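What follows is chain A paired twice: with chain B in the first complex and chain C in the second.
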Partner chain A sequence: MNPAPPAATGAQSLRTSLRILGWTGLGLIAVAVSLSDFLASAPPDAAAIGPLMLPPTEAFKFGTDILGRDMLSETLHGLSVTLRLAVPAALIALLFGTLFGSVAARTPVMVSLSLRWLLGILAALPALLLAILLIGLTARGWASLAAGLSAAPLGFVRSFDRASLQAHAVHTEYARATGISSATLLRRDLVYEFSGTLSTSAARALAAVTIILSTTSFLGFGAEPPHRDLGLMIAAAKTYYLHAWWTAAFPALTLMILILFARLAAGLDEGERP
Partner chain B sequence: MLRFVLNEAGRLFLGLFGAALMAAAVAALSVPHAADGLAYFLVAWGGRINDLIHLRFGESVISGLPIIAELAARLPLTLGLVIEGVIVAALVGIPIGFLFGAGPARRAAAPLIQIVAAAPVFCAGLVLAYGAASLLHWPVPINGGVSIVLFPQNATQAQAMVLPALTVGLAGAAAVQLALRRSAAEAGQQSWRFYLRRMGLPSWDVERNYVMPQIFAGLLASLGEVMLALLSAAAVAEWVFSCRGAADLFVKSVALHDWSATAAVLFVFAGLTLVAQFVGQCGARLLTSAGPAR
Partner chain C sequence: MRSRRLLDIKDLRVSRASTIELDGVSLTLDAGEALVILGDGSSGKDALLRIIGNFSDRGQEATGTIQFGDGEARPAHKRGRSNLRTTYLASARVAPLNPHVSVVSQLTRVVANGLGVPGSSASEDLRLALERLAPALPFAALSKKSGEMRDDELAWAMLAAAVAQTPDLLIADHAFSGLTPTAVAALAGALADAQKRQGFGLAYFAEALQTAAHLRCRTIVLRQGKVIEEGDFEKLAGGQSHAYTKTLFKALPRLSEVTALRGNSRGEPLLQVQGLDLSPRGKKPSSASDAISFELRRGAALALVGEEGSGRRALVRALLGLQRFARGRVVLDQVDMGILSAAMTSRLRRRIAFVTGSDAALDPRMTLWDTVDEPLRAHLHLPRDMIAGYRETALKRVGLASHAAGSVVATLSGFDKRRLQVARAIVSAPFLCVIDEPLRGLDAFAQSIMIELLTELRKQEGPAFLLITADMRVAQALADDAIIFKQGKLVERGPLAEIMRAPKDDETKKLLAAAAPSRGPEPPAAPATIAAKPASQQAPVSPDELDPPILLDEPIADESAVTESPG
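And then the complex of A and B:
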């Protein structure tokens, strides 16, 4: 007997609506990014387009910054750079985190325990610091890979622990007893685990790596000028935004909207963390 | 219970051992030619492990100070921020978690919480600084000017300390309320809640004696995640508000390839998270195995 079926149905319906909203938002952002060169009135990093530090006006809807750059154009280009870095990073996080965790849980005991121990140690470090370390060990051009790899350990640990339960479940023992090979079982389990959740996991990874990438850029480890992402734009505005709010507010708002849509698409509303 | 604690202590020991090996590997990069090949690196790594066994932590290549002295000077500020963050997180996160953790409020709050959770920590810090500067006319330590100290001596220093502490605390509060909402959602789906009421127990008794321990146990089990959020936020807050803490040391050390200092901060942060995980798991076990609280 279920004590509260109507509430559960209502919550499910809200969750589905928010997820559709999230994917629609991400789709619109993808369209805006693909058309950013047409929508923006100035090329990336083009200085002296307008007066210096002009507040939002009819001609410059997001105002201009300390070098006279059009903030609307810069924000569009920044969004484009952020997304171009975040999408491969999300795929890396998905591959080396969620997917690898699921496979690793079904490897021989010594291998799986060693991997769980190693990745568990990496998961004990804040992903942001891990990303900074990886960029420091390589180069700023590798920010995308670093963000993906730094987000992976937490995904690996969660996926591994979930898959371990699955791998030792009664139905698995019965399946093995009937002669189904480990490879077939692994393939079936992976299809079962990811067939309905791949898009959710991808959106979750996108939200996580976008936060990591923009923060590393803000701290000076991510994107490099002239290809500024939103984090770097906000970092550049830090010295004067107290007197010119629009220089930081519009890139920050755009970044938040991107993360919000990714979170909604992932259906993160039950206390889940990306 | 003792067996569980010993098991968790074993995990903690293995985790700390692994973190020490990782820190030694990072510190090995400061040895000349360590990056020239695998053999050179392994020799340097072995040397660093040997140094670690003999409690030799090396010197910072930036300041020339021993790493221990550098950490002793900077870690208290970071720990102070984390402790203040824990207080803010508990004061803000627990009520919000309970308020929005169950019933119709949970559904109504879901979109609002999504919007708040979409703000990266550095954006939250900048918004707080903007609000303090323009509404309260506080001196904002964003671009230097006001030094941030652990124990403020005057009102200006106290005002400067509030902003990074709030930034860390709000990030912690987000993690706390998420953990609470998650465990409240899990407890809400348990059928025993319904059956206990059918057995004649008043709703308040069920909530107080059976549900609340489950929810707090869920929060404790997520203590490692909360610590990760606090440490991440401390790194960002120290950068935004120009604090000279351990996380700031980490960022500058990586930028200047001071791998010994980087390794030391990494080990301390990993250790803090692993200890928080251990304490949280044991606390959660204690709460759930003690039976209904009376």
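And then the complex of A and C:
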């Protein structure tokens, strides 16, 4: 019996719909960030815009904080700072993780095994601690690089293992038996494996590095005033959060939405969760 | 006295969306009777199988009536419990079992569910059924996982599980599809014996005639939802009234009564094998007289014929430099393979093409065009317009030119993948084409087309063929000479015409009988590779022990010697 081509299942259709929803959400966030200077009624870190610790009202929809800053404007600026840090970090994670993993799996056995061993150990460490260590070794200004590098090992391992499966697949053996070189087989991986899953990997990396960057900022190792990102805004609201919930809730909600859209865009794929 | 009626279908019409799958089909099946339902993918036999098997199908609209056993005739669209004990026998090739759980535990559960008995009792029933059907296959061998067993071993195990349930009705869904002729003959014989012994009704759904030829029972031919021909298989084989059935019977590769003598004598030598000894490392080398020597000339075609595990693929791997050999010399295209570096061997292999019965031979991620382009791009570095020209010609020749350029290999049918392999071979301009069970799992028409394509490939591009098969009909259709293997030994060799006219070895006779059931004695009712010893003495046989299922499907295991028998 000649098997018929596989049909798309309901689960696949649902996943595709969620991906579209995720990318649409990320697109809208990108628009909001690019227009943040117009959408925000106050410049970043502008104090005494309104009364101190005012709950959400018609005039100040997200309320104000202890310095009288407009929380809506601050949240928009914080989202902008977060993304400015997260996007390069995600690119670094993609480059040193997913892409490097694909290539490393095709290198000579000793090299590939050594790299897999080394990156496997790094992947076993909590990415957040790794990021803090890297920031400590460099500087706060290198937070993006630190977050990207700390998220990379999990991406590397994932990508390496997928590429290794392909390297030992039956079709690869047949290709080798007809003289197809390792370089051509690597091209196959890059064309079909890497590029085919690029959008998923990128969204997954964006979610991972956003969590890392926000947490490092929350702990005081990341962004610095006056360029406050969402993590730093939540950290600043720590002392009066119980009396003024809006000072932390809106930045946290915005951060959650950003990460949720990134995860949806990745097809709810787990991956490099720190 | 008439046997008990098991199945009575009247005026069955089945449609899905706007497509009519079955149109006014009526059929009956009595206890102890066997019925083969023959048809291609669009014949509607799958819809009929779902109706008979009582499988739910939401998208299906059915009219007509169906009556199981002594029950009431009910509308065909109504599903419900049948008063018959029905068992379903799937093909081993479609991987019906969980690969992570042992075969025995899964089949025991199937038998326990079917009989409504505890697992221990079901296990005993399964063991007894297996012992009766295939005494040479030890029950202990079923403790492996499905991926570790050969397809024919799995087919025996599943047949035993089906029979152990003492069914009233057994539905076989292309159950022996893709197996070697000898295995099909043995399995069909065992199934027919069990059916006579237990008196169950058998409905065997098939795409090709191979199993029907062994079962030799009432056969109905379906086409586009209608029964176009019905009758005893012997009668159908003797003369078909419908044009479609005639074409179906003609499409099958068959052994010719008269075969012209074609020698392995064209051109210069392409492959010279001298004193090759494939003894595994750590084992005693074969004696000098057991070593293999033969020659394959340019443009000639040599078939390596034998059952699974007979050592043919081990030989091919050694010839292509994919496996080291203990002793001997292989000269390919006037180059001694033994002295070449890995890089040089790889370079030499650029002009070798593969066409195999394995759908996994092509990268499932690649597109149709990329699959054909790759050898041209990787080996010849041709400009794009030239690559496009070669690709277009090759795809036209194999009938895939109308497919979208971006069609992904994973979404192609088995037949399309097979033709795509031929297209890739065409653009490679090979001097040697390794063809490994090229017709495996294809329907009759697809088999016929594949033979035409391969014959055309040889005619146009002129490569030598090294054919691996267990089917003498395929060997006869595609090769000039043959070497017959049995359990790691080379037992007979020579021009195919001569071998077929006067086979000397019992293995050759058995392979010929399996390929043409009407011409010779029925082969033994168990696979030859596991029938050498009584069951009590038989150690479990690893599928990789002699010959892995596909040339490169699995890691190369410790291979037994492939030796030519003395004299």
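Keep this in mind: the second predicted complex is superposed on the first by the 259 of 274 C-alpha atoms of A that agree within 3 Å, B and C clash if a C-alpha of one lies under 4 Å from a C-alpha of the other, contacts with A are read in each partner's own complex, and residues count from 1 in each chain.
Note that a contact is a pair of C-beta atoms (placed from the backbone, for glycine too) under 8 Å apart; a residue touches a chain by one contact, two chains touch by 3 or more.
This is a predicted model, so every value here is computed, not measured.
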Under the stated touch criterion, which partner chain does A:T215 make contact with: chain B (first), chain C (second), both, or neither? first
Based on the superposed arrangement, let me know which partner A:L242 touches: chain B (first), chain C (second), both, or neither? first
Determine, under the contact definition given at the top, whether A:P225 touches first (chain B), second (chain C), both, or neither. neither
Just to be sure I read the superposition right, which of the two partners does A:G120 touch: chain B = first, chain C = second, or both, or neither? first
Let me test your reading of the model: by the given contact rule, A:A252 touches which partner, first (chain B), second (chain C), both or neither? first
Could you say whether A:P108 touches chain B, chain C, both of them, or neither, answering first, second, both or neither? neither
When the two structures are laid over each other on chain A, which of chain B and chain C touches more residues of chain A? B
Contacts on chain A seen with chain B and repeated with chain C across the two complexes: 1-4
Name, in rising order, each residue of chain A that touches chain C in their complex. 1-6, 169-181, 184, 188, 191-193, 196
In the complex with chain B, residue positions of chain A that touch it: 1-4, 7, 10-11, 14, 18, 117-118, 120-122, 124-129, 132-133, 135-137, 207, 211, 214-215, 218-221, 231, 234, 238-239, 241-242, 245, 248, 252, 255-257, 259-260, 263-264, 268-273
In the complex of these two chains, what residues of chain C are touching chain A? 41, 91, 94, 173-174, 177, 207, 320, 322, 346-354, 356, 358, 360-366, 370, 374-375, 377-379, 410-415, 428, 441-443, 446, 550-553
Contacting residues of chain B [partner chain A, same complex]: 14-15, 18-19, 22, 26, 29, 104, 106-107, 110-111, 113-115, 117-123, 126-127, 129-130, 133-134, 140, 142-143, 175, 177-185, 188, 191, 193-194, 224-225, 228, 231-232, 235-236, 239-240, 247, 250-251, 254-255, 257, 262, 266, 269-270, 273-274, 277
